[in-house]
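Naming follows writing order (A, B, C and D), and every chain is counted from residue 1.
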Amino acid sequence: MNIFLTGLMITMCFSGMGITQELYIKPFNIPDILNYKTLKCDFHIHTIFSDGKVWPDIRVYEAYKEDLDAIAITDHIEHRPFSNDVKSDHNRSYEIASVAGKETGITVIKAAEITHKMPPGHFNAIFLKDSNPLDTANYMAEIEIASNQGAFIFWNHPSYPHPENKELWSDVHQLIFDNGWMHGIEIVNSKYYYPKAHQWCLDKGLTMIGNSDIHPPITFDYDFQKGEHRPMTLIFAEENNKKSIRNALDSQRTAVIWNGNLIGKETYLKNIFKNSISIDHSDTIVDFINQNTAFIKIKNNSSISYHLKLLGAPQHIDAPKNLTLKANNISVLVVKANNNSQTPTQTAGLDYQITNLWLSPSERLNIKIPLLVLTDQTN
Amino acid sequence: MNIFLTGLMITMCFSGMGITQELYIKPFNIPDILNYKTLKCDFHIHTIFSDGKVWPDIRVYEAYKEDLDAIAITDHIEHRPFSNDVKSDHNRSYEIASVAGKETGITVIKAAEITHKMPPGHFNAIFLKDSNPLDTANYMAEIEIASNQGAFIFWNHPSYPHPENKELWSDVHQLIFDNGWMHGIEIVNSKYYYPKAHQWCLDKGLTMIGNSDIHPPITFDYDFQKGEHRPMTLIFAEENNKKSIRNALDSQRTAVIWNGNLIGKETYLKNIFKNSISIDHSDTIVDFINQNTAFIKIKNNSSISYHLKLLGAPQHIDAPKNLTLKANNISVLVVKANNNSQTPTQTAGLDYQITNLWLSPSERLNIKIPLLVLTDQTN
Amino acid sequence: MNIFLTGLMITMCFSGMGITQELYIKPFNIPDILNYKTLKCDFHIHTIFSDGKVWPDIRVYEAYKEDLDAIAITDHIEHRPFSNDVKSDHNRSYEIASVAGKETGITVIKAAEITHKMPPGHFNAIFLKDSNPLDTANYMAEIEIASNQGAFIFWNHPSYPHPENKELWSDVHQLIFDNGWMHGIEIVNSKYYYPKAHQWCLDKGLTMIGNSDIHPPITFDYDFQKGEHRPMTLIFAEENNKKSIRNALDSQRTAVIWNGNLIGKETYLKNIFKNSISIDHSDTIVDFINQNTAFIKIKNNSSISYHLKLLGAPQHIDAPKNLTLKANNISVLVVKANNNSQTPTQTAGLDYQITNLWLSPSERLNIKIPLLVLTDQTN
Amino acid sequence: MNIFLTGLMITMCFSGMGITQELYIKPFNIPDILNYKTLKCDFHIHTIFSDGKVWPDIRVYEAYKEDLDAIAITDHIEHRPFSNDVKSDHNRSYEIASVAGKETGITVIKAAEITHKMPPGHFNAIFLKDSNPLDTANYMAEIEIASNQGAFIFWNHPSYPHPENKELWSDVHQLIFDNGWMHGIEIVNSKYYYPKAHQWCLDKGLTMIGNSDIHPPITFDYDFQKGEHRPMTLIFAEENNKKSIRNALDSQRTAVIWNGNLIGKETYLKNIFKNSISIDHSDTIVDFINQNTAFIKIKNNSSISYHLKLLGAPQHIDAPKNLTLKANNISVLVVKANNNSQTPTQTAGLDYQITNLWLSPSERLNIKIPLLVLTDQTN
């Protein structure tokens, strides 16, 4: 029996004539921007060929079902706790996964995790040619080998072994960086965000990366029914292929999605927000002559909920202090004239901060919702 | 206290500083077509001013929350079982509802239901100027008065008093039709579809209408959480305003949505389907050289699930006999080469019937899903 | 057509032979205690006969569908904003609702709201014999008339017209109390909890009441799919009938459920919790000889989620600081030996506070989860 | 880091002070009966030590999270397609799984699948002592070795290699049976039910077994959010331990749950149904004097929906032809007096067949819902 079909089969409808297999994928909508496709990627994944708990093809099918575009399987070179049971070499998990990648259209990138205690901690090398030569006892040699193979190399969970808030940029990291061997940092790994690493990426021109570092089956850690997702690296690429992804990584055309937050440069986040939202123009014309309450429908076509905090409203207009533009929903923004004797200014706008769009550890994206207020003075 | 705010308030978040009201609307996505906006309308609704069970403004808020665009309140002229308790005239329900319409942006159309036993049964007159003059004892006079006011008049639930399958076109209906007083028929009312009425619309050039005829609160009869919706008349209009809606009704630019089915002319249904679906071109290139299974992602951006039945596939390709393109989901179409020794033709397509897009009582919309098959002969 | 069947009909299955109506009610499970039945009641409800937005029978069907046991329709005597449209007397809404009560088994109690500005604010009189004599211009006379009819009288939303935190016990309230005319207070009304009123109930021996004060259709304000419910008065009664309910009210055998919190006397809350929870005895035997982690399944058979905060654990045992025992779920309590060299005491227990079970404005219910710890010393 | 905690951790709440892990299990309620505990078991499961796709401990955590009580890991002796990668012996998957079993309380039974083409097809031997001696080239020898170790042996998916409807009892099966080496048959395996095998169990006194035969992660094949579950063998046992389970298997105290159906002997199914359902006595008193419609609430406390088909109702009473008693819901049974001039008999009952409780391939469980009808003659 074809194992794969067993694996991915979700629903079977029995009929007198035969069997139909049905598979549905809940879209994880993040809009394309700036003429790039927005690819959803996870570059830190384990299988039973290191300390993960599933066979490599399962990682591809999991990604397919979560609506991802590309993954890298990054089994540890040094840490293989199941090595008494599982014997194969460091290329094996990629070999298995890439077959499933072809079937599904998921781009699978060859990779490995170079595993050493801090400093410098763990590094992922993706876009490797051959993982086996990395198996030396010397982490610095391994990083150099990876670099010589043309790999894209990034520092993993930089707070390790502490889960969070302990990132430290040591001399060893400086050396790796100076050698041109550090191209990015995980500013997010699994449940954790690393603010210092985020700032380092901004300051040193490193690529921001966010990954799941998943070990058990993905559904053990994320409940898709609730809208949860693994952390991902968003790649803004010409196409979904290895070359375009690599090009975007080299050009820092990435953002990170984590726990409902988007982290990245202003130009990317602003355009993602802009392309997520639609407001009917007629809805922004607020008639405060005939009524003192107006309803504005804001449609969010993306799978990201945006959390808004009011920064400022025109005089004599009441707007909600907090407003969530719920993913895949229409949110109603209710504005009110709060003083009937004095009319609001005609052209106005509501200034909101989007608290889950992060430009830096301390900065958030600010936006304006335009209003055209009809008042007695209008006539 | 402002009753309206109480009415529409869904969630209140308590904070130290104040109260934020939040209202979310689950989008009911049906794409625009042919440069028209697709408006979701319900032209048959009751309130306590006839035999309904809610105050008129509630009908507007219900429509707003279900993502409708326009409604008509059609209280009975003759049948007012609560008249010992509720005393006002036939314009009163419109007066109340139209205030809520202005607040929310829902277009509210003045209307009434002319109520007589069969023949001719019940008729709705919408776009009335004044409902009170209709209160005569003579249904034919009432229809004439409505017509003289410029109303758009349609025959309701034509199988009445039988719930279904008993439509009969009598001499009285012929007379009303010959007088130019019948402009459309409900081919759907509440839980029922009327196939004969559907055919009459096609044969006699009448406008197809579908309505809820709702009496209790709308959530008593439809569970929106399950994706259920009231039946609606889809109006293909330049704008959401009374003039455009009337123009579309007069031009038979309507379709009916009922119980997950779309009923209408081929040009409308074909374009709704086309604008609902997106397939990545690269996904339709089926590589049968390196693998014998291909996965094709079909994204349905609309809130209508399309149910497909296989009419024909190219030789040596297995495709699912039945496939549902689930609303707001990505459905995976799995095709297989069923004979490795003989390769399928290179350019091919899958012919499917969409069983829930109805062109007539017996005809369904057929579509083709194009494939480009790579085989050994390709090279 | 029988209006009622239209009203309550939820799903219709079409078959060749006929129509089946299906109605499902999601159970709102709160266990019976102390040999009493736990009745779920709402004693503050409006219809179009005052300022509500639905016909009275709808209130009964809404209660039935939300799994309530008893309601009172409490239309205002003085405040009837729709009186130009709706003309009938003060007994009419009860008359209509009681018919639906007989059909469904919902106990409907005759009642009215005596409506005056503060002080003393609004009072509900339930178990009235005739509401019409209350229609005087003198609120004190009205309360006396209600009392003479044997009504149970309680003060509504005591913070009114402020939504919360403004309760004030005036001389007028003292007078009503001294006359024996105040038997309870709403410590909860709609979205609001009144801590001072809660304390007054405790101090003065008044019955704690919690109600919805619903005006629009109930689904406008509460999303049952999310597990939301209107506030309710829980009545611990011998039977579901008027006499038993009245007896419980007179004996202060009530608790209030509001926004996921239970408010009441310790004996009631303790027993509700106890009867909600089941733990398999074998699960509480924690084997710290062979492993250093133990999983304890705690099943919550009720529809109330209990939120636990750790007060204290035995030395050398780690237990979660916060734990939610989710409604209708099994929650897993993970305990760990945090020091392998020193073993925990053998008999031990975890002390938790249940933060959503409120004994007074400042006191919560505390409970102990017993453990039997196996350690090396055990042997 | 403890891999297990990573594996089973579902939700992490970040607080300033630390981390709380939360795991919730949706109860799969099937009532205990006849003084036995009803244990939910799956005795056919694969891991990467044969052709499954996950590490053995994952199988235990999956079972724990689906609310099962006991499992057997049944890796193939002969069929190990990953043997170039995975090297260990036939006891290894049990060794790994049993550690997780102790942590969670899931009973893990040592087992193996003896794998041969038909006849006789595949057999599971559970309650093995040592799986390695089975690795001979001779299936009959293997079965004998298993039997000599005291294993409980059952025939798997008896229609194999055809998915269904091809069960054939060959001479080889007769020989195995005559030797006392066949103790049960899978009447259900994964998506398939085997009616002939069901009848053989009844005729030959074999134990009915139903299993998942799961290869990928369990969530690939079953959507628990939709209420789906793997097929299971229900064991009616004194306790959840190996001895009691074995005792029940030997005594044929089992039933099978598959795709929403329960299959087993009448005494078990009747008691499961009886212990699932509660009807308030007062609700069964149907008052046809004052009204002609009665509502009867039927609460189903189990996680199995019961599908009822009307066999017969008393004269002059209309009852629904089909009724589903939805899992964990209250279903409302609406009965009507269909002839006001003639009153129904006073004591009456509704006869229903439960179409998803299967006593044999062709027989279903029938039940009676008692009514006490009040009519004019009653007085």
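In this text, a residue touches a chain if its C-beta (ideal position, glycine included) is under 8 Å from a C-beta of that chain, and two chains touch if they have at least 3 such contacts.
Nothing here was measured: the structure is a model prediction, and the numbers come from that model.
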Which chains, if any, touch chain B and chain C both? none
Separation of mean Cα positions, chain C and chain A [Å, integer]: 42
Round to the nearest whole Å and give the separation of the Cα centres of chain A and chain B. 37
Touching two or more other chains, which residues of chain D qualify? none
Touching chain combinations (by label order): A-B, A-D, B-C, C-D
For chain B, which residues are in contact with chain A within the complex? 4-5, 13, 15, 17-18, 20-27, 64, 67, 102-105, 240, 282-283, 287, 290-291, 293-295, 297, 299, 320-324, 326, 328-332, 334
Residues on chain A engaged by chain D in the complex (per definition of touch): 3, 6-10, 12, 14, 19, 48-49, 51, 53-55, 57-58, 61, 81-82, 84-88, 92, 163, 191, 215-217, 219-221, 223, 225
